[in-house]
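Across the two complexes that follow, subunit A remains constant while its partner is subunit B and subsequently subunit C.
Up next, the complex of A and B:
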């Protein structure tokens, strides 16, 4: 005997939606602060429509079927939006799982005559919703990852300011770990600023860099070389004792780079290069 | 055939690259420049690459070559106005243009050349 699950579900659409909404509303973790009930109902209705429209008796046990592409897309959309709005994974998961409950409740009445039929129907529904839940989780995590990536980008952007400390002298304090991507940003910012300000000296202060390994040193050397190609001099300052030791132990040759202990001494050196002098004024305070 | 003009300014030769360099053009520039250095006895070569936005390893080598050859012919080379992207590309290619001086713009480049030649000329007197 053929079980016409799809058709039964289509007929009971209204009832399923009601059950689903009830299930969602009675859950304590419902986030009314993030999404109003009307919005939730609209979203649920739309999702249910998509599901029932693409569902037929052939593809019911095959969630990978291409019939569900638009449904998956819709679920991904919901999931990503929820990740951005700040829903927790549990809340997002419950949203889908409460649909299963509603589907089973609706089907139960029609198939309760035969235990075997009920079993088959239940299994198929569980499988179907599990497939949907898997998609939800995957895209939810992806949505969260996107948020993290964007924040990382922002941090990179704001953590590399180029400061004009004097006419013709730029300072670039680096705080945090240097990796290839960050060095690239640092280098680009520095070079662009050199052109924009017409500066001839750049001071790279690494007192905020927690550790220097051979890769970081390589990046620093690259930055210095690039600055030289532009026609400016680059000084590295703020090398802490431990870092100096590591650099020497690693056998990195920094001998053709000007290094200074502090930003102050680097600035003094820069003044000397520009033939500037800072003198104590003999005049009384203004 | 296209050639890049080489201008003479007193003791210096001035080259402004205004078009995208292709390999043959660059090679011609190298040989022309060396000929000019020897013919005019120039003491300095200033190459303005501020309009150059794309550079490859070949171009980098040609610029390096010009520097080395001029050095042998007793002329200093200054490359001025390099774009940030070009500088980064050259460094990533591992070309540091040793033996070539660099400056931010033509004005600074000229100043640098003058200083270099002054130092060289004053050296024998000090000895």
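Up next, the complex of A and C:
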């Protein structure tokens, strides 16, 4: 016996939309601050249209069917937009799950005569919506990952500023772990700035680097060598006591690089190299 | 002889796993009250070995344990990979030897930084490195 679920659903489209909206509106996780009710209704209406248009009795149990491609695309779109707008996964998930409730409520009236039919219908609907929900979660997480990747890029950008502390002296505070990609950015910024400012001394401050292992040290040595090739002297400052001990135990040879414990002593050394003197003024007014 | 008090496992498969792993090791070290210098030594050794694992074996599994022997507490780290293995461990433990383009200080450096160090490797099967850093060692 054919149950003609698809046809029944298509007939009851309006009723389903109403039920769905009701379900969504009465839920406390509704985010009216992020999306107005009108927008929500429009979006839901569109989604329901796509679903019911592509649904027929053959593909109802097979969400992977190519008939649902446009529907999946739309759900992915909704899900990614919601991830960017700041909806939580629970809220996005509930959006789809509340559709299941509405579908079941609508079907219940038609099939309540026969328990077996009702069971079949319910199972099929649950499977269908679960398929949709799986798509939602997958794309939601993808959306979030994109956000994270973008932020990672931004952090790499902002965390490597080159500062002109004095005429001819550049300082580059490094904060966070120095990996290959970071080193590339640091080196590039530094070399470009050396040319642009005509500086002859660069201070690399590693106070903000949590651990110096042989890879980090290798990156530092490379940066120093590159700076020297450009005709500038490079000083590494901000070496903490525990880092100094670790570097010695590791057996890293930094003896042909000028290193200082603090940025202040590095600056003093740089002044001495440039034959500059800092004096206390004898005049009273500033 | 060692009593394992607390245990955690972490899978390392990409470069982004190194920093969270180091933080995890640090958490354990802080919990048992290790001094800052020893913490830094432990973390640096861990960092070297994790990087080796990523570079030569495409990742592996690490275990962090709090162990105690008598009155002394410490951290034991185990690094297991299924990489190509090391043919000549003696040579690999020599300063300045590297089959990659690095400084060749990772393995010998990690050994110097830890209290106890053990490396076992079978060519074609993989490598297991175990290191212990005592709280006051």
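Assume the second predicted complex is superposed on the first by the 271 of 286 C-alpha atoms of A that agree within 3 Å, B and C clash if a C-alpha of one lies under 4 Å from a C-alpha of the other, contacts with A are read in each partner's own complex, and residues count from 1 in each chain.
As a working rule, a residue touches a chain if its C-beta (ideal position, glycine included) is under 8 Å from a C-beta of that chain, and two chains touch if they have at least 3 such contacts.
Here the structure is a predicted model, which means the values were calculated and not measured.
Asks: Using the superposition on chain A described above, determine whether A:179 touches subunit B (first), subunit C (second), both, or neither.
Replies: A:179: touches subunit C, not subunit B.
Asks: Touching A:246 in the superposition: subunit B (first), subunit C (second), both, neither?
Replies: second
Asks: Return first, second, both or neither, reflecting whether A:99 touches subunit B, subunit C, both chains, or no partner chain.
Replies: In the superposition, A:99 touches no partner, neither subunit B nor subunit C.
Asks: Of the partners subunit B and subunit C, which touch A:231 in the superposed model: first, second, both, neither?
Replies: A:231: touches subunit B, not subunit C.
Asks: By the touch definition at the top of the document, which applies to A:211: first (subunit B), second (subunit C), both, or neither?
Replies: So A:211 only meets subunit C here.
Asks: Mind working out whether A:194 is in touch with subunit B, subunit C, both or neither, as first, second, both or neither?
Replies: Only subunit B is touched by A:194; subunit C is not.
Asks: So which bits of subunit A does subunit B touch that subunit C touches too?
Replies: The answer is that subunit A has no such residue.
Asks: In their shared complex, at which residues does subunit A touch subunit C?
Replies: It is residues 177, 179, 210-215, 217-218, 241-243, 245-246, 249-252 of subunit A that touch subunit C.
Asks: What residues of subunit C sit close enough to touch subunit A in their complex?
Replies: By the definition above, subunit C touches subunit A via 15, 18-19, 22, 36-37, 39-41, 43-44, 47-48, 51, 95, 102-103, 105-106, 108-109, 112-113.
Asks: Which residues of subunit A touch subunit B once you look at their complex with the stated criterion?
Replies: 184, 187-188, 191-192, 194-195, 198-200, 222, 225-232
Asks: In the complex, go through subunit B and note every residue touching subunit A.
Replies: Contacts found on subunit B: 79-80, 82-84, 86-88, 90-92, 96-97, 101-105, 108-109.
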